[in-house]
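Note that chain A is present in both complexes that follow, paired respectively with chain B and with chain C.
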Partner chain A sequence: MIVVQLLINGIIAGSIYALVAVGFSLIYATNRFVHFAHGAFVTVSAYLIYTFFTLWGLNFYFSALLTIIVAGFLGWLVYKLVYMPLKKRKASNAVLLVASVGILILLENLMLLIFGADVKSVGFIQIRKGIEVLGGIITPLQIVIVVLVIILLLILWFFMKKSRLGKTMRAVADNPNLANIIGINAKRVCYLSFIIGTALAGIAGILVALEQNIEPIMGTGLMIKGFTGAIIGGVTSVPGSILGSYLLGLVENFGIWFLPSGYKDAIAFVLLFLFLLFKPTGILGLRGKYKEQKL
Partner chain B sequence: MSKKSIIWLIIIIIIVGILIWYGVSRKPAEEEVIKIGAILPLTGTAASQGESERKAIEMAVEKKNAQGGIDNRKIEVIFEDDATSNSPSKATEIIKKLIYIDKVQFIIGPVMSSEIEAVAPIANQENIVMIAFGAVTSPFSRFGRNVFTSSATFASENYKIDEFIGKQNFGKIALISVNTEAGLEIKKVLEEELPKYNSELISTELINLGVIDFKTNLLKAKEQNPDALYVFHIPALLGIIIKQAKELSIEFPILTFHNIEDPSAKTTGGDSLEGVIYTSPVRSEIGKKFFTDFEQEYGSEPNIFSDAAYDAVNLIFEAIERNGLEIDKIREYLENIKNYQGATGNISFDKNRDIKRDYIIKTIKNGQFVPYEE
Partner chain C sequence: MIEAYLIHLLIIIGIYIILSTSLNLAIGYTGLLNLGHVAFFGIGAYVSTLLSINTDLPFLVVFILAGLFTSIFGYLLMLATNKLRGDYLALATLGFNFVIYSLFLNWTSLTRGPLGIPGIPKPSIFGFVFQSNLSYLIFVAVIAFLVVGFLHLLLKSSYGKLLEAVRDNELACKVLGKNTFKMKWQAMAVSAFFAGIAGSLYAHYITFIDPSSFSLYEIILILTIVLVGGLATLKGSIAATVIILLIPEVLRFFALPSSILGPARQIIYALLLILILMYRPRGLFGKVDLG
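This part shows the complex of A and B:
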């Protein structure tokens, strides 16, 4: 069954995009600037799991936990060392964007320096034939990735809608100034979103390392797709960014079934373009309640 | 300005002054050396390849310098990184730096075809000898009189697999290839050659560099029910394509070329490479020695094209030793070179300035590269 296999391929691709998009979107929603270095944190996390598990030989699940914790800490650190001082000097969002691109390049080159340029493989999972599901084929690892993303979607949706912290985050996302006036500590929320968002990059890094191997420059490519997915889904909405990523993965894979494969990126960006033209807020983005601050 | 910052300023000025003095004082010594520029992908997707090529070049240079250099002049190589960008503007910028600032007369690389296209006219105009060792698309003479290669054309390698396809009676072949000039050349060769062996190319998937998800491409190829799949990509991605093929339960034989022997294909492909059938150059004694020397020196296997880089620099040495530093004589010497014994094998240029080489069919058995047997 071709349709089923295309659907599966699209969902797997979409899940990987979503893993990147979700942390990015969480950070964007509360901070309102494009943290492009998010992709580099996925790369760093991939190298962390490689170091802990493959080089040091620690238990895999312990290594994974350690990676997520260190990633969260790095998120806090980058906000503390780079963005906070800039924000204090009233830097515009454009300045913050440039800073984030700087961090991206710095981290990628740091990984290149430490680990070298060649491809690394974590080697936790043996390559084997996929399992047949409804006429399509999927590997156990890909099932884990898809299921994990769906669980993340549910947890994040629940967290944002129901929990107190989620509510304050949404309040800051909705209108940072008003949130400040009514006594929400926006600074704390920003820190937290960086810690949680980058910890999510940690999860993404582990799964991407297992599924696609590790390279120093992989972050940029992942970031572009994750960013596109987030915009399509509505960048201020975390569940929206996941849905957008799935849509992107599906459209890409169905697209190259009919068109030559060279058009894959073109298909992605046409989709982005269409959304920007006709539904700039994305699938689940905020509707007109809050006007974008200058970007 | 506070007192403290004035002191700092003075310290910085002194340091900068010392550095400038050091740089200038080194100048006279530099005139004694023969400078060679090398444009390699030292970062980016092909970085592991570029890194290994750099080591191969350094190995050749160290060996020559240990022998006292050429005419008592030491050799110095200036490495420049094109970041695997395949960008003509970047390559042009680099070659201009090498020619006008470093004043090199010889250049090794670049490896990407669109970069060679961009810099070849400059090499011809400035009368610089350039050995773009990784260039494998025919005819090589299109790049002009000063530009040479030290690799055999992909076409000459592809003839061997076409012959094999004929012997095996594979009537229908699907191609998955990287969307570059080399990939397009492979497509052209397969389209032309396969009918001679009662076979045909039934589907082609050209995939851009940077894409790492091939599942839908493999599915498209599978739907055409080919007798075999030919894959053509850089080593790390060859491994990924074959791994994804195995995960998608693709049963028909997978054919490819010598990139599969590169260590990074093993890293990404792992056990899934088992049973892959490919073409591999026949190694000469010098080639085997290069491999063991490289492993001894650096503790790792050389990547593909490292032997070609090694040959490129040695060709330059030989040309200088016989002709001095007169570029016109060197060019003429290289043009007419016949049966030069290098690490890649026998180097002779045909009328198109292409190199042809002998290949054998090999396969991967228990992780080892072994000659293919029925």
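This part shows the complex of A and C:
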């Protein structure tokens, strides 16, 4: 059953995209600039887990924890060193976007320089024969990934809805000036959401490293997907970006019914293009309230 | 030996001068943050290659057709993105670049995909074949000179001032009864035309093209050149092209293996781009801010 297989592939791809997208979306919602280098942090994290677990032989769960912490720290560092000075200078969003593309290229090439161009694999879980579900095939690892992502997304949703910090973040996302007036330290919230967003990229990196081979240039592709998912769903809305990511995963997997699989990236970008032109607020994005909340 | 190396460098510099000044027309003068310039470069290279391999057209015709075909894409891109500005436009044009890149990579019946197209003939004009690199350098220099001269005259004219007005305040231009969309697509089409002929020059010089020559990394290089030189200055773009292309050449003297040389170059470019944005946002001779 090819339909079931494509559906399964779409959901697996969508889960990874969703994890990339929520981090990106969290950063965008509070900071209001396109952090295109987000994808590079996924790559860096994949190499971190490879270093900690495969090269140094540390315990896997400890390695994973360390990866997430280091990723969050790197995010903080980049924010402190590059974005914060630019924001202080009141640089335009276009400048921040170009700078973030620069960071993406910088990090990708650092990985290339340190680890070389050949693919690496973490090899924590042996690739086992897939299980048949309604005629489609899914490996146990993929089931773990999908379940883990869904649990994570639920925790994140709960965190954003119920916790104090989550509420503060949504307040800053909704109206940074008003948030400042009622005594919320918007700058601190921006920092924190950047760190949390990057830590989420760290988790995405670990899962990607388990599922596929690690390459220095994989971040750009993942960024395009996560970013597109976020835009489709509405970038300022975390649930929206989750919805958009799964939608994208399904569309591109069903799309290769008609097109060669090499066009996957192109499908994503055509979708992105269409949404930017005709519905920049996305499916669940805030509408009309504040103009700058588009995108 | 050193002579051949210098001639090669100068040819590349000539091609990139065309690319960077034409991109500055879009970004600096007209205010269109176009991250799809490399796609134009690639379209020009592929069109020129395919025409000269599959048809008997003389080189000059192929050369012009490559430019014209690319400028159609410039028009279409502007038509699609007319409503977008700033970072939106940047993202949409970046998207355009990825779509064109995946076409190069996947339309194998036409482009041979990742295998690339070898054996592109050296150009010949009126029976004279540019076989030696020195003659090719002269050809590139003449074209680059013509392009920069044309852009200089265009931007000095009242039309050029209008383009800058569109950049500074599009709404005001509209209020004054100017058709800003027309100005924007014309600027984009001219910019694309020159990127297209630069692609043609590149393809016939290297005599081999594959999609990797037109990837995201190339955008960073050209964007770095334009931003280091400064927006809305042709002089800056030319100076920056020379500087930026020469910097990584220093690495060659350390006899590094190519697996290190490639990433090291990209790291230098990316660092330069970030540093220039942070500490000298107007570059060498820039007149306006990016935004």
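Keep this in mind: the second predicted complex is superposed on the first by the 273 of 295 C-alpha atoms of A that agree within 3 Å, B and C clash if a C-alpha of one lies under 4 Å from a C-alpha of the other, contacts with A are read in each partner's own complex, and residues count from 1 in each chain.
As a convention for this text, a contact is a pair of C-beta atoms (placed from the backbone, for glycine too) under 8 Å apart; a residue touches a chain by one contact, two chains touch by 3 or more.
Just so you know, these numbers come straight off a predicted model, no measurement behind them.
Asks: Applying the touch criterion given at the start, work out whether A:Leu277 contacts chain B, chain C, both or neither, answering first, second, both or neither.
Replies: second
Asks: Of the two partner chains, chain B (first) and chain C (second), which one does A:Val144 touch, if any: first, second, both, or neither?
Replies: Neither partner.
Asks: With both complexes overlaid on chain A, does A:Ile103 touch chain B (first), chain C (second), both or neither?
Replies: A:Ile103 contacts chain C only, not chain B.
Asks: When the two structures are overlaid on chain A, which partner does A:Gln5 contact: first (chain B), second (chain C), both, or neither?
Replies: first
Asks: Considering only touches as defined above, state whether A:Ser92 meets chain B (first), chain C (second), both or neither.
Replies: Only chain C; A:Ser92 stays clear of chain B.
Asks: Which partner does A:Leu165 contact after superposing on A: first (chain B), second (chain C), both, neither?
Replies: It touches nothing on chain B or chain C.
Asks: Go through the superposed model and pick first if A:Val34 touches only chain B, second if only chain C, both, or neither.
Replies: Only chain C is touched by A:Val34; chain B is not.
Asks: With the two complexes superposed on chain A, say which partner A:Leu113 touches: chain B (first), chain C (second), both, or neither.
Replies: Second partner only.
Asks: A:Asn253 contacts which: chain B (first), chain C (second), both, neither?
Replies: first
Asks: Taking the contacts chain A makes with chain B in one complex and with chain C in the other, which residues are shared?
Replies: Overlap of chain B and chain C footprints on chain A: residues 109, 112, 116-117, 260, 262, 265.
Asks: Under the touch definition given earlier, write down the residues of chain A that touch chain B in their complex.
Replies: 2, 5-6, 9, 12-13, 109, 112, 116-121, 123, 126-130, 137, 139, 212-213, 215-217, 221, 253, 256-257, 260-262, 264-265
Asks: How about chain C: which of its residues touch chain A in the complex?
Replies: Per the stated touch rule, the residues are 33, 35, 80-81, 83-84, 86-88, 90-92, 94-96, 98-99, 102-103, 105-106, 113, 216-217, 219-220, 223, 227, 259-260, 262-264, 266-267, 269-271, 273-274, 277-278, 281, 289-291.
Asks: For the complex, which residues does chain A have touching chain C?
Replies: Interface residues on chain A, with respect to chain C: 33-34, 82, 85-86, 89, 91-99, 101-103, 105-106, 108-110, 112-113, 116-117, 220, 224, 260, 262-263, 265-266, 269-270, 272-273, 276-277, 280, 294-295.
Asks: Name, in rising order, each residue of chain B that touches chain A in their complex.
Replies: 42-45, 47-48, 50-51, 179, 205-208, 210-213, 215-217, 219-220, 223, 236, 240, 243, 246-249, 263-264, 267-272
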